[in-house]
Each structure stands twice: as C-alpha cells, then as structure tokens.
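The structures come next, written out as structure tokens.
Here come two complexes built around chain A, the first alongside chain B, the second alongside chain C.
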Partner chain A sequence: MRAYLAKRFLFGVLTLLVTSLLIFSLLRVVPGGPVDALIGEEWDDPELRAQLRRDLGLDLPFHRQYARWLGGLFRGDLGVSLVLYRGEPVGGIILERFGVTAQLAFISLTIALLVAFPAGIAAALWKERLPDHVFRIVALGGISTPNFFLGIALIVMFGVGLRLKWGVGGYVPFGEDPWGWFLRLLLPAIVLGTDHAATISRMLRASILEALGRNHVLTAKAMGLPRKEFLIQDVLRTAMVPVVTVIGNSAGALLDGAVITEILFRLPGLGSLLVQGVYARDLPLVQSVVIVAVGIRIAVNLIVDLSYALMDPRIRYGRGQ
Partner chain B sequence: MVREIHTTEYELGLHQTLLQEFWHNFKKNKLSLVGGFIVLCYAIMAIFAPLLAPYNPVEQFDAPPGMRNPMPPLSRDVDGRLFLLGTDKFGRDILSRALYGTRTLLQLAGGSIAIAMLLGVAMGAVAGYKKGTWVDELIMRTVDIMLSFPTLVLAIALVGAFGIGSLRIGPLVLSNMVKIMLVIAITYSPRFARVMRAVVLQEMAEDYVAAAKVTGASGFRILTREVLVNTIPTIIVQGSLMMATTVLTSASLSFLGLGLQPPRPSLGLMLNEARDYLFWGACCT
Partner chain C sequence: MTEVLLRIEDLVTRFYTELGVVKAVDGNSLHLGEGESLGVVGESGSGKTVTALSVMRLIENPGRIEGGRILFRGEDLLQKSERQMQRIRGKDITMVFQDSLSSLNPTLTIGEQITRVLRFHLRLSRRERWRRAVELLRQVGIPEPEQRVKHYPHQFSGGMRQRALIAMAISCSPQLLILDEPTTALDVTIEAQIFELVEELKRAFRMGTFLITHDLSVVATFCDRVVIMYAGKIVEEAPVTALYDRPLHPYTRGLLGSIPPLEGGKARLDSIPGEVPDLISLPPGCNFSPRCRLADERCWREEPPLEHPGPGRRVACWKAGETGG
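And now, the complex of A and B:
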C-alpha cells in the first residue's frame, strides 16, 4: 500500500511538472502577452517596452524564466499578477477565489448526492414501473441540458420572474450573512450539480440492478435475511464501486462547470478568475490557475482510487499484481 | 436493448445491402427514429440556413417610432418587415441569427471532431503499433497528462495561449474559427488516441496482420492498409459520441466570449448577450 501510494504520488508530481512546462511554454508561443496588455499594442515606445520587459523578467532566456517560476512554485510563491490585480501575489488571490469555488462545489456535490441516491435506488427497486420511467426521462433531461441554459432559465425564473434578490447571483461571505450566503450559492449549485446528479443516479440504478442478480445477493435472499438488511449490506456495498468512480469523475469535472456557473451567477471563484485572466492576458495568473486545477484533479483521482480499497475488500494495492 | 439484439440477429440474407439492413433496423427502433428526426431537423436548419433565414444575420434594422431594439417576437420595423422572434439589442433578426448560429456551431463541432480524430487516430495508431517502446510510452504519457486537465479548463488555457481572435504564426494566418477548431481538437484528441491504441492492439493480434507481415509488407503499409480500415467503425462511434460534447464545449467557449467573436452569429454568444439584457431588465424592474 505504501509503495503504491509513493508511486502514485510520484507520478502525480511528474504530471504536474510536465503540465507546468507545457502551460508555461504554450503561454509564451504567441508574441505580445503582458507587455501589450499593460501599455497597449498601439503604444510604440521601444524604450518603455524594453524597460517593462526587464522589470517583469520577460527578457531572460526561456529556461531561466521557467526555472524562476518553478522555484517559486515549490516555495509556494506563484508570482505576482501582472495585469488583472497589478502587483498582488497570485497565491493569495487564488486561495481566496478557491474558497468560493470549493464552497460552490461542496454544496453542489451534496445536493447532487442527496438527489441521486434516493432517485437511483427508487428507480432500481421499482424497475420498469412508474417511478423508474419518470426517473429516466428526468435524468436524460438533466444530462442533456447545457449548464448555461439551465442557469439562465433559473435566473429568469427566480431573479426576473419572482424578483428575488438572491435569484440573480452575486456572493456574500458566510460570516456576514449565512442565510444569504446559502441562498446565493443554491441556484449555481443546482445548475452545477444537475448533470452530475443525473449521471450518478443512472450509474447507481444500473449497478444496483446488476448487484441484485449476483450470487451472494441471491444467497442472502434465500437465507431469509430481511430485505432491508441485505439491500444495505450486500447490494449497496457491491453497487458502490462503480458509483464512486462516477462521483470522483464528477468531483474532478466540477471545475469545468464552475467556469460557466461562476460567470453566470457572478461568483468570484477560480473559474471566473481563469476567464478574466485569459481576457487580460495575465500570464502568471492563468498558468497558476491551470496548475492548481490540474493538481486538484490529480488529488481527487488519487482519493477515488484509494476509496475503492475501503469499499471492496478484494481490492488491495501494492501486493501481488 | 432486447429489441436491438433481435434485430441484429434478424435474417441477414433478407436485406441486400448494408444500407437497407441499417434502414430496416433503424425503422424498428422508435427511439432512434425520434432521435434521427431531431438530428435531421438541425442538419436541415444548418445546411439551408441561407435559404431559410429571412434576413441577413448581421444586418441592423431600425425599430419603428415609439419602440426600440431589442424588439419582442412578432414585431415589425420601420419598413414593416416582420421579425418572428424579434430582434436583439443591435436590431438584428434573432431567427436568422439562430439559424446561422446553428450552422456555425455544427460546422465548428464537425470540424473539431474531424481534426481531433485525425490527431488522435495518428497518435493512437503509432502508439499501438510501437507498443512497449519509448514512442508508445511518450505518446501515452502525454495523453494521460492531457486527460488530467479538466476539459474546459484546457480549452480556455489554449485560447489563452493563442489569444482571442485570429492567430498569426509567421506567414500563416488562421482564422478565429479554425483556431477554435484546433483548440477543441487538441482538447479531445487524447480520448481518440486511447481508444485507437486499444483497437489497434486488438487488431494487431489478428491473423490477417500476421499474413501481411509474412508477405513482407512494411509497417506503414500494414498500419494504413490493413489495421486502420478495420478500426474505422469504432472510431466513427467514438466520434459521434464525442460530437455532443464538442457542441457543448464550443457553445461554452462562445458563451464565455472566448470563442467566435461578434458580429458572427453564434448560439452561445447570443445567450450571453441576452443575459446582459436580462440583468439590465432585472435592475430596472
């Protein structure tokens, strides 16, 4: 187990390293960049340009620029924002923005799970009956509705139609107004969680149905175990392995949806920061956000893989195989 | 599902060509008929957009006295022209823009998928053929790394790298549309590469490949003439599944203002413009 952990961790770090190199070089392929963004493309003052490039460290050879950034990365220093938040350290900005995204993701995943579990289980137990039919139609709709459309529809309903103050987005810190905080995150969380709820519950339905047909479940049934007991003990536990994979995938993909949702509901999160950074051509900001995003994704994948071992006693890492 | 198994086992001899057999099976499944009909509608909308659209999607019309743009559905402009879905804030016909927007969106998604397939198939085929060598390792680890990016984040990062608008690399100028196709294609190519490698590995174990080897065919020839042909069905299925996600990704990019640029009609951008108006409306009320 320990060897496996070490191996996965090492590969994760390696992936991050290569990603950093990839992103760093990509963002420097196209000429212009931050200097143009700062003083404007039309402004033709070679001296000022040269001065600015020196100040920003953009005149150094490529590998030294990269080494500088990477060195900072290991010390936890992500550099300073060049355009969007002139001179402020990127690390602090990202940390602050990440908090909002994490809250959004947490609420959204909670809602998704709260909806997905009862729905998936009910659909599996009443297979091919009314609850199942309703479930399948709703779930298909949830998967095929684009985030931004659902978001706009909800804003039209709650913000414009019912004229609710929290219906049009915005963000209030939890400390200031807990209820307002929750209300304002509720709609974006629903938007973000809908297709994940649909995917998770569909997987749950399918794997419960599969588990119900397994031998050990039949045995438990034949032994006369109470229905409730074997449903929880045998069926759900077996069914959980593929479901956790899907939940992990969803958690990893939350940031994707967060980009759209945050812009739509004007939440100051990581996703909207990325888009603003791209607009402003703020290189240090963009590359750092991407690195953080990839890092989160890798960590989530690792946690998911480890959780298999907890659920399925047959899965053991690092021995045999 | 059960119905499908019945129909695929259905007496193959009865239907003369593959196409006829396909049509026979297709007709039997109600769900695929409905889906096919919807797809057909969109395809017609996209292909015949210039004929169906009542007005030029970028032309601006003046609202009659007492009204102003954006106008609600079924209103008329100064010269009495009818706008079925109304106009946007610049006085452009929404119906025409939606039709042209569908056209561009499908072009964009189709183009991206085509390029992604080319890239992915090439990567996967080489990796599968050179299985176990450093070439395979290099390609597949790159694929792994690309897959560890959240999709939209990768696409946005690439747009950030190439800049918004058209892309100039030396003498080569890529239009914004081609650039976005490239961005989406790069984002999705690793998925094709994974599938392709698996299929190539499977096919390489077949007897006909061994036969080709015995006759002394070169590696390139085996790969292109023998193996590739047999992987086409899998890749096509993968491609059509991906089409839906690329449509969403390109619409999302436009929605964020990082995709097609105005005044080009694009569905995502239209939604975003409408959203501005929505907030404005909400503030006013």
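And now, the complex of A and C:
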C-alpha cells in the first residue's frame, strides 16, 4: 500500500515536471510577449524594449529562465503578474480565483452525484424497463449537448425570459449573501455537471449490473441475507470501485470545463483568469495558472488512487500471500 | 430407515430465453434422507445446478419453476413466501459454490462475511458472533483462526478459501448442505482434504449432503446414493456400490469408463463421443439416442420411462443392463 502510493506520488511529480517544461517552451514559442503587451507593438523604441526585456529577465537563455521559474515554484513563489495585475504576486491572485472555481466545481459535482446515483441504481435495477430507457435518453442528451449551448439556453431562459437576477451570472461571495451565492452558482454548476452526471450514472449502471451477476451475490442470497443487505454490501460496495475512478476523473475535468462556463456566467474563477491572462499576454501569470491547474489535477488523481486503495482490500494489502 | 429430509417430486424448471424454452429440469423426482449423502452426476449443462437452485428457490428471470413439489421435512418450499425462504436459506439449507474466490465478497473480511450470516439467523451478541466465527474457522481446519478471521478472501489459498466458505455454510448448523462442484478449481490432494472435512462435519452434525459433481470417482468415496442426470432428466439412480457393480444405463457406463486408473488425476468426461443436446430442441425419443451405441428404431421414436429394476434403483432405458457390441 505504502509502496503503491509512493509510486503514484513519484509519477505525479514527474508528470508535473514534464508539463512545466512543456508549458514553458510553448509560451516562449508563441509570438508577442509581455513587452509588446506592455508598451504596444507600434511603439518602436528598441532601447526601451531592450531595457524592459533585461528588467523582466527575458534576455536570459531559455534554460536559465526556466530554472528561475522552477526554482520559484519550489519556493512557492509563482512569479509576478506583468500585465493584468501589474506587479502583484501571481500566487495570491490564483488563490483568490481558485476559490471561485473550486466552489463551482464542488456544487457541480454534488449536483451530478445527487442525480447520477439514484438514476444509475434505478437504471440497473429496472434494466431494459422504463426507468432505464428514460435515463439512457436523458444521459445521451446531456452528453451530446455542448456546454456553451446549454449555458446560453439557460441564461436566455432564466435571465432573459424570466428576468431573474441570478439568471444572468455574476458572483456574490458566500459571506455576503449565502442564498445569492448558491443561486448564482446553480446554473453554471448544472451546465458543468450534466456530462458528468450522465457518465457517472451510466458507469454506475454498468458496474451494478456486472456486480449483480457475480458469484458472491449468489452466495449472499444462498445464505439467506435479505435483499437490502446484499444490494448494499455485495452489489453497491463492489460496484463502487470503478465508479470512484470515474468520479475522480470528473472532478478533475470540472476544472477544465470551468473555462467556458466561467466566461459565460461571468464568474471570476481560474478559468476566466487564464483567458484574461492569455489575451493580456501576461506570461508569468498564464504559465503559473496552467501549472497550478495541472498540479490540482494530479492531486485529485492521487486522492482517487488513495480512496480506490481504501475501498479495495486487494490493492490495500497486495495480492496473494 | 432414516427420516426423509428432502423429497423432490416431478420438478420442472425452465428458462424462457430469446432462443427458446430451455428445459433445464424436466420432471425429476428424487429424495434424500437425514444425514444421507446424495451424489448428482452428469456432464456440464445437464441441469444439476438448476436443480439445486430450484431447491434454494433461487431461480431468477428468465427462469421459472413450473411444476412439482419440493418437500423439505414435509413442507413444500414452493409454497413458501420469499421472506420465509430467507429464513430457511443459510440456516436450514445452504449451498457452497464452485469457485471459492468469486463466491466470496472481495471487499469484506472472512469474519465479516461469516458474522453477517450469524447476525441474520441467530440471536447472538456481536462478541458471540465473532467468537463463533473463529470457532468455525478452527472447526474447518484453518490454522490461526484468530488472525485469519480478519483477513480478506484474496489473502487465502484456494483450499483455505473453500474451507472458509464451508465454515460460512455450516455456521447455523444446517440440515441440508448443497455442494455444487466444490473442488473443481482445486488440485487432487486439496480436493481429498476438503471431502474428508465435509465427511467429518456430516457425521458430527447429521447433515444431509447434496453433492453435485461430474466426477464419479468422488462420488464413490463420499456418497451413499447416486443420481445420474442427462439433458435435464434423471436417467439412473442407485446405491453407490450397486452402481459401480452393475451400471444399467449406457450413459452411466460411459461415465464409469471415463474414470482414470487409481494413480491418475481427475476424471474427464470427454470419453463419451458427442455432446449434451441443446436443451431448447431435444431429440425425439430417448435424449441420449444420438450418442448411444445401443440405440435403435424404438429409442429414436419413443422416450424410455423411468423404471424400478431393483431395490433403490431406477433407470430410464429401453435396453437397461444390456452391454451390447
């Protein structure tokens, strides 16, 4: 178990290193750096440009720049925003913005799970009957509707049509107005969560059906255990193992999906920060946002592996004797 | 003469599949006395497991028990409610399945799996249940039961797992233990040990055992009587010694012919040419006729009735006892 987690952790760190190099190189290749953004492409003063490049450390060779950034990361210093928040440390900005994204992802996942579990269980227990067909069609619809379309549709419906204040997006901190906070996050959370609700419920259905056919369920019945007991302990419990992986993947993917949704609903999250940073060509900001996002994703995967191990004793205690 | 523990009368169990109606058990009758050991033998697909699951009332869609009676100590199990059956399963009648690894829940410890059976059937405190689980493991010959009770199935060897499964099955002192090919996945030495154990337990608890196998050599050492099934029907029944001395049905003779010499491994059934017929479209006449060396006009036309050629014996064959060719 310990060796297993140590291995996972090592892989995580390695992935992070590789992606950091990738991000860094990619951002150096694209034309138009922060210097252009700061003084404008038209302003043709080579002297000033050179001065700025030196000040920002952009004149150093590639590997020195990379080493500087990486060294900063290890010390917890994510650099300083050049354009968007001139001079402010990126770490603080990310922290603030990430809070909003995390709240959105949390509500979204909660809703997805609240829908997916009853739907998946019902679809499995009433396989090929009405509930199964209904949920299959709804799930297919949920997966095949693009998020931006669903988002616009909801805004048109609630914001424009019903003229609800919370129907057009925006953000209110929880501390100021808890109910308003929830309502404003509700629509984007639904938009973000439909795909995942659909995938999780379908996965759960398949997993339960597979578990229902297992021999130990038959043993449980042959021992006279009541339906409730073996459905929970023998079917759901063993069916959960693969489902947890899917849920973990969803949690990670919610952060990716947040970009479009946050812009659509005008939420000041990590996704919209990234887009703003790209437009402003704020190099240090963008590279740090991306690396933090990747780091979060890897951390989520690590947590999934951990819970997987906790749930399946075959992993927890190793195989055989 | 012992009391009759189980009496199956004209049992019919069918599966309504998309391809057609599978006549898995086709009007069979048999009985089992208290403390007696009955062997049920036949090639795979002959309806042995379905017979046992019918007794447990565990036939599920698309299967249905369509006729007959299953009398357990005189009461018809087919008339019981699901609730009543839950109280009988695991307490009065239990069943051990073939593959011990998949038959145990991988996410619960052996102790948790045994104690939950005790919890539903007996009035014991939590501590008493755990003490009893350890005692049961000791009884079935698992070393260091105090430690083993906390282990998960995958931490046991195949033979030890099967012992643990048997411990669970006997945990509430059942009167009838059904063993469905309990040693198929195990090697010969472990197999012998498991049967020794069951023999011991059988004597200690006066348990009736219903042993399903396709291995006649196992039956010889373990059972009192044998029922031979072919394509959903009982084709022969006899006390073990009589069956070995003078098999009456050509199919039984084929099975006996496939027992390897003493020093050999497990018996294989592939020495009878041909295959078990499709239970959806059975041949006219005798089910065995397509594979029978003695088959003639009448066998292809008319089904032989189950007759009583001697005390405790039954056979369904027009040419019972003839050896031919």
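Points to keep in mind about this one:
One rule holds for everything that comes next: the second predicted complex is superposed on the first by the 314 of 321 C-alpha atoms of A that agree within 3 Å, B and C clash if a C-alpha of one lies under 4 Å from a C-alpha of the other, contacts with A are read in each partner's own complex, and residues count from 1 in each chain.
Rule of thumb we're sticking to: a contact is a pair of C-beta atoms (placed from the backbone, for glycine too) under 8 Å apart; a residue touches a chain by one contact, two chains touch by 3 or more.
None of the values given here were measured: they were computed from a predicted structure.
With both complexes brought onto chain A, simultaneous placement of chain B and chain C is permitted, the two fitting side by side without a clash. Of the two partner chains placed by superposition, only chain C is touched by A:218; chain B is not.
Legend: residue contacts after superposition of the two complexes on their common chain; A:104 is shown touching neither chain B nor chain C. More residues of chain A are touched by B (comparison of chain B with chain C).
Applying the stated contact rule after C-alpha superposition, one finds that A:191 touches neither chain B nor chain C. Legend: residue contacts after superposition of the two complexes on their common chain; A:244 is shown touching neither chain B nor chain C.
Shared-chain residue A:23: touches chain B; no touch with chain C. Once the two complexes are overlaid on the shared chain, A:116 sits clear of chain B and of chain C alike.
For the combined arrangement built by superposing the two complexes, chain A sits at the apex of an angle of 90 degrees to chain B and chain C, based on C-alpha centres and given in steps of 10. Our summary of the superposed model lists a minimum C-alpha distance of 10 Å between chain B and chain C. Taken in their complex, chain C has these residues touching chain A: 56, 58, 85-91, 94-95, 97, 99, 102-109, 116-117, 120-121, 152, 154-157, 165, 168-169. Contact residues of chain A toward chain B in the complex are 15, 18-19, 22-23, 26-27, 29-30, 32, 144, 146-149, 152, 155-156, 159-160, 163, 168, 252-253, 255-257, 259-260, 263-264, 274-275, 277-279, 281, 286, 290, 293-294, 297-298, 301. Residues 141, 144-145, 148-153, 156-164, 167, 244, 248, 251-252, 255-258, 268, 271, 274-275, 278-279, 281-282, 285 of chain B are the ones touching chain A in the complex.
Those residues of chain A whose C-beta lies close enough to touch chain C in the complex are 214-216, 218-226, 229, 233-234, 237-238, 241, 311-314, 317, 319-321.
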